[in-house]
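First the structure, then my questions, so here it is.
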Amino acid sequence: MKTQFDRLLDRLVRASVFERIVISVAALFAAVLVGGVLVFVSGGFASCRAGLDLAGWTFCYNPMQVYYELFLGALGHPLEGGWSLTNYSLATTLQQTTLLIFAGLSVAVAFRAGLLNIGTQGQLVVGGLATAVTVVYAAAVVPGGFVGTVVLIPLGVLAGALVGGLYGAIPGVLKAYADANEVITTIMLNFVAVGVTSTILSWQFQDPNSNNPQTEPIPEYAEIPTVPVIGFGGRMDFSLLALAFAVALMIGIAWLFARTSFGYELRTSGLQPEAAAYGGVDDKRMTVASMTLSGALGGIAGAFWVLMVHGRWLKNVPSIGFDGIAVSVLAGNNPLGVGAAAFLFGVFDSGARSIGTGTNVPRELIGILTGLIILFVAMPEFFRMIGRRFRPAETPRPTRADGGDGGETDA
Amino acid sequence: MSEPGAGTTDGTGPTATAGSTAAAGESTGSDLAVHLDGITKRFPGVVANDGVDLRVERGTVHALLGENGAGKTTLMNVLYGLYEPEEGRVVVDGEERAFDSPQDAIDAGIGMIHQHFMLVDPMTVAENIALGNEPTKWFGMAVDRERIDREIRDLCDRYGFEVDPGATVEDVSVGVQQRVEILKALFRGADVLILDEPTAVLTPQEVEGLYDVLEELTAQGKTIIFITHKLEEATHAADAITVLRDGESVGTVDPNRTTREELAERMVGREVLLEADSEPVETGEVVLSADGVTVEDARGVEVVSGIDLDVRAGEILGIAGVDGNGQAELVEAITGLETPDEGTIAYEGTDITEWSRRRRIENGMAYIPEDRHERGLVMPFDLVENGVLGSQRSPRFANGGRIDWTGVRSHTEEIINTYDVRPPDADADASSFSGGNQQKFIVGREFERDPSLVVATHPTRGVDIGSTEFIHDRLLELRREGVAILLVSSNLDEVQALSDRLAVIYEGEFIDVTDPADVTEEEIGLLMAGQRPGQEAAGSPNAGDRR
Amino acid sequence: VGGFGDEGDTDVQVGMVYATGGLDDDSFNDMAKQGVVDARDEFDLSFDETEPEAASEFDGAQRDFAESGDYDLICCIGFAQAEALSGNAPEYPDQNFMIIDSVVEEDNVRSYTFGEPEGSFQVGHLAGLLTDEEFAAGAGETNPDESVVGFVGGQESQLIESFQAGFEAGVEYANEDAEVVSSYVGDFNDTAGGQEAARTMYQNQNADIVFHAAGRTGIGVFQAAQAEGRFAIGVDDDQSRSNPDFADVILASMVKRVDTAVYTAIESVVNDNFAGGEVETLSLEQEGVANVYGDELGGEIPQEIKDQVADSRQAIIDGEIDVPSEL
Amino acid sequence: MRNPVGGTRDRLARRPIESAVGAAIVGLAFLWVTPVSWQAATLRLAVPIALAAIGGIFAEKSGVINIGIEGLLIVSAFSSIAAVHWLGDGGATVGLPNLWWGLLIGVVVSVLFALLFAIVCIEFEADQIIAGLAVWLISLGLAPFASQIVFGSTNTTNVTRFGKVTVPVLSEVPLVGPLLFDTPPQVYLMLVGSVAGWYLLSRTNFGRWVVASGENPKALDTAGVDVRKVRYAAVLLSGVFAGLGGAGFALGHLGTFAGGGDTAIGGRGFIAIATYLLANYHPIGALLGSFLFAGLNSAQTMLQSAGYAIPTELIRTIPHMTVIVVLVFVGRTRLPDAAGDHYESGED
């Protein structure tokens, strides 16, 4: 009889999980490699004061330096003097990690249910606005200080989750009851979210004291409090409490998938909708429910963007939702993997700024790297081929046994 | 056993037009259209063909006989250039060939009609026939559709086919689809036609029609290789029979000089008996009753038209019918996967027409689905996870929305033990089990629900003989325990042997409900083809005397 | 690989945070860049720049420069950076900042604002006078039967609306009956949108002249003017020079000397007399904004019209005309 | 004989055909009552949508869902402008005006990206949706990255655009003449491309292979046609069409490329996908569908400057909302049976 732990190990070593991790890591390296070549070559077309002269060409960009800035810059240059753990760059990295965990979970939940939610961005946008507006208005009736913090933050997150969830439910309903392809509707709803929020903003909630399209600021006590003593205080716009909440949510979603009836039904629907229907799952309701949950997570991402980063909602929300797709894909839609992938993309975001200030290489490079990683993750066969090249003698297991596939009868 | 078929036999042979294609083959002495010599083909973990020899004479029908998985299809795929064999030679018309692709085989005059038709459903008959070989006009700038239509008409005239070239393939019957496949091969100028289990989807009457076609084809000098695992078909239609077992050839025989028993033994390797005991059992209350159930498909076509049925406790009601006559939809309406457009369904006296699928499961309705890959199992899940499919919210395995995985695991292990699922590894993915073992697991899961009704659709399809017997035994055991059983199958032997009462479904209606003991297989066959008792079977006068 | 890729050190380093829309808009951001390039030609100076894509990125972009501590001055181009800067400035008290188009009252920030409504009034006056004339020059001509002029804005905001307000007042001052049609593209970066908006005005509403305050979107306005054979008025820079391709339709530009603002701020840092906490307003009087006639077409505009425009300029400076800054 | 694309018997194919015919009638009526300027604007704005949609049709019909079409528009638009800039604005090289070189280079770059996508999907069995997203993201980064290097900004400089080409007699025809025969080259490309796409798909053997490859690749394989080659050809063709769309739009309409945000292409590739789904993969239907979106877009601009006090941000979402509404009420499209699936010859 195997122990629970043995089984856990078994599962981890099982081809699917283990291979996913290997492939994700390999994809990262491959993307970094291709990106490095790209940087070096494009340096040949740029002009600079000091470059590397090779065969009559001057190469201005040093890929090593770019990656140094990208990976170590994101941590605040730990190898240079005067480094402190709670530095601003690391705070930015972790801030993005936190937001990307929410966004990545949002995409992963839908993905696991067999739905490609490209609309996390839109859900985040509307959710964030709901949070900001709710908190600004509620602050008028709720006492300030500690009470305000305790009441307003959960209220704000709830508002974001609720409105994001409702917004996510729209493509869910359209998919379930009108058979409208969710990839298209969610892409469209992203555009609609931008239009609708700006309209609502200028109609009612625009900060009268500002020229920027944005809401009034939420009171300071309604921003996610930082943990005293440990650090990341001041205006670093990052709170360990938020990260802890994100991690807790991540574990919660993993638990939901693995241990609950709902999670089981969701995964079944995602893998084999026919089997799910056979097993008594109402596929329409599941579609709506999973899109709603996905949207709620997107809305929470928006809520934290408001409550932790800006203290208000601003028009032109950055593309956290789209990055969430990359995060989820890299994580193989595994909630626990989302944490690691979110950190990587957090590094990218913060490192991109280091690249911007520390090198002459355009930071648009990061967008390319993200795309490359997704591309490589999408082609596991590529790495399997390489793997086979190094282990040619491997005897493949019989992978599949589909004795009769229905056609052959003995009538 | 390596002696090739001892000469041609029943006179339909290479008389009239054989000479037209014989020239190239003269060198080998006898006139072989196809000679496969020592073919070995391996798949990961299986040797599908192991040094198989096959000699097919021109202008004959040559049957390839063997059980599921014997390697028949694989051998023909090698001949058709789909697979490259590890060992052996392919000789066509006396010339050794190495086919890299089906195109090479087509060029060498070989045509294949696959077990699963290779037709593009939304395209028309003519488009399918010409696919890949479209004659063009205006320097290749356009498909010459007039020419295609003309050539198809010519072929139809020559071989006596009736097909509408403009019809969309998904709209025509299976029999017509098969004609389309044959026309497709002929259109490419095939001289050798491979038919992989061509009768599996046909009614007995359609089968007769096919025999006529084969006769016409050989009369015009074509050579036919005919795959089947049905003895009577091989003996009836073929001029020579090669038997495959476990990937090896166990010899070629002349159907006139052998007995069915001998063939069966060669094929299976032991004596075969398919007689389930089915002594009558006391029946009880009506468990399931359907009243005027009508189901429309997505296009609004009635596929089930006002069906009434009753199943009592301790009784097996068999439903026989050619696939696609509404049995799938009827079962879905009963099991809650589809809502009937009209009529009611009652279960243990309660109207359950509006009940959800889950509620039906929870109330003791077990269901062995037709399609185990799509419905019955979640392929990427392991058996433990599959063990709870359908019970994921039942109080037995879940409390407060949490699944008790320890309980599920022990339940799964119990199923594995009781139903002899091999290998007995609860942590292996469902996809890694062979078809028979997958089916045993589903059967186990459904039977262990403590059901009062079992709906079993094609429960032994694609399953080997041992497992088939086991599943039949379990069904009869449940029946003895007083469970009501609705058995849907297109396998006549099976429904006849197991059912207490038998209904035949044709175009969404029950043609007849009889005592299976009172009817012959031929009579059922007629019913399945839509012939009401007493009516004359149009177009196939000799339908009764096949044996 | 050696340590290539590093730029050599200079005395003074400047960080430029541009407005959304980015460089190569041939107007606002390019003007700011002109200022820092001029300064580099003059002093031993190097600069780094970022082009944020959304208002939410300003905060991080400013702080990236401030955090590194390497920069002697950080130039924040555009009003939209005000909020972010009022948060960041107290956070980095030793860091010098300057901001264009907004006022941030901090000791280490020097603010520059311009009299956009006044400058827009000037070009509005010009447009209002010309639309009634029968005037043909370069690639364009007016339709004297219709008195319609247009305004194309980028993103809706108070600042851009103040351009519109001044422009409309100028048109009305010239010609009570003239109609002003206006449209916002919603983006400073959408040439296609600018083109469609302006084409609509030229074709459907018979506008003769369209003034844009839309950054790069305005390029589309010029394209439309050329395609329809009408006129346009540029903004920020003398766009007939920065966009010689379109000089045959650009009557004039409402020049806003962002370059001067950037240059003087840098100069004060170089000379160690940076005056933080002060606001400098650059209006018509200070020549911070001006109506500059097009390089190619300017010579063809009738002198009496030029005189009238010059008169209204003086009247504004003298306070005789009250230019509204809101719609 | 029936048209394989329309699949007339296909219950799902019927309605879009009817609505296409309806749209044509309504369109003619429209020509009477709507302003010519709006019609011309619609044609110009339809170019990238229509051509990308037709490209998408070929890829998806063959079984490869190319959601990266937006990326192809981006790279072709950027590279065509960059090429003209490099060769010299207004000049000619080897006798061909540089603008046309730009168009050509834009198409070549788009095809290269399509090739990358095809290899990844066909050779390495990548998930098509994810690979398509990757192509989009890479393009979204690469165009402004390259622009930064070449032009020092995410925005390129301006180049002179294609002028109108007037067909002598035909442009005199009332109603359609000035619209269709006095218009810039990219509009001709769009019109000719749509018809060519329709012809290729429905009248040639290649077209039939494309359809078979997407519906039942095994049937095509056993009929002796190499499915891989068909799919490669179809995906590369989607690169050609999208490249024409992107480069034509950039050189004929934009005259410049803005790489900020979602770039000057701004989601038109996604609208293109919605368009061909709406048209149920019919190239002419896709052309008409692109008129719908482009028309709404330019109508939006016109309404605004006509002074209607509708919130502009909201008006701008009209095309997107329309996509959703149409998808719900009309466009229950049936994807080709094998779309999205990898096909390996000889696999069971």
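Order of writing sets the chain letters: A, B, C and D. Residues in each chain are counted from 1.
Keep in mind that, in the parts below, contacts are C-beta pairs under 8 Å (C-beta built on N, C-alpha and C of every residue); 3 or more make two chains touch, one makes a residue touch a chain.
It should be emphasised that the depicted structure is a prediction, and the values quoted were computed from it without experimental measurement.
Asker: Which chains contact both subunit A and subunit D?
Answerer: Both-contact set = B, C.
Asker: Would you mind telling me which chain pair, A-B or B-D, is linked by more contacting C-beta pairs?
Answerer: Comparing A-B with B-D, the pair joined by more C-beta contacts is A-B.
Asker: Can you work out the whole-Å distance between the CA centroids of subunit A and subunit B?
Answerer: A distance of 47 Å separates the two centres.
Asker: Take the average of all CA coordinates in subunit B, do the same for subunit C, and state the distance between these two points in whole angstrom.
Answerer: It comes to 76 Å between the two C-alpha centres.
Asker: Could you grab the centroid distance between subunit B and subunit D? Build each centroid from C-alpha atoms only and quote it in angstrom.
Answerer: 44
Asker: So how far apart, in whole Å, are subunit C and subunit D when each is placed at the average of its C-alpha atoms?
Answerer: Chain centres of subunit C and subunit D, defined by C-alpha means, are spaced 36 Å apart.
Asker: Give the residues of subunit A touching no fewer than two other chains, as numbers and ranges.
Answerer: Subunit A, residues with two or more chain partners: 202, 402.
Asker: Which subunit B residues touch at least two other chains?
Answerer: none
Asker: Any chance you could list the residues of subunit D touching two or more other chains?
Answerer: In subunit D, residues 154, 313, 316 touch at least two other chains, as defined above.
Asker: Determine which chains touch and list them pairwise.
Answerer: Result for touching pairs of chains: A-B, A-C, A-D, B-D, C-D.
Asker: Over in the complex, which subunit A residues touch subunit C? Could you list them?
Answerer: Checking each residue of subunit A against subunit C gives 43, 48-52, 59-66, 88-89, 92, 202, 210-214, 234-235, 237, 309-310, 314-318, 353-354, 356-357, 359-361, 363.
Asker: Show me the residue ranges of subunit C that touch subunit D in the complex, using the header's touch definition.
Answerer: Residues 20-26, 51, 53-54, 150, 156, 181-184, 186-187, 189-193, 195-197, 199-201, 203-205, 216, 219, 223, 243, 245 of subunit C touch subunit D in their complex.
Asker: Along subunit B, where are the residues that touch subunit D in the complex?
Answerer: 77, 80, 82-83, 101-103, 105-106, 112, 114, 118-124, 126-128, 130-134, 136, 140-143, 145, 149, 165-168, 170-171, 184, 188, 298-299
Asker: For subunit D, which residues are in contact with subunit B within the complex?
Answerer: Subunit D residues touching subunit B: 1-2, 4, 7-11, 13, 203-205, 208-209, 211-212, 215-216, 218-226, 337, 345-346.
Asker: Quick one: which bits of subunit D touch subunit A in the complex? Just the residue numbers, please.
Answerer: 67, 120, 123-127, 129-131, 133-142, 144-146, 148-150, 154, 259, 267, 270, 273-274, 277, 311, 313-314, 316-317, 320-321, 323-324, 327-329, 331-333, 348
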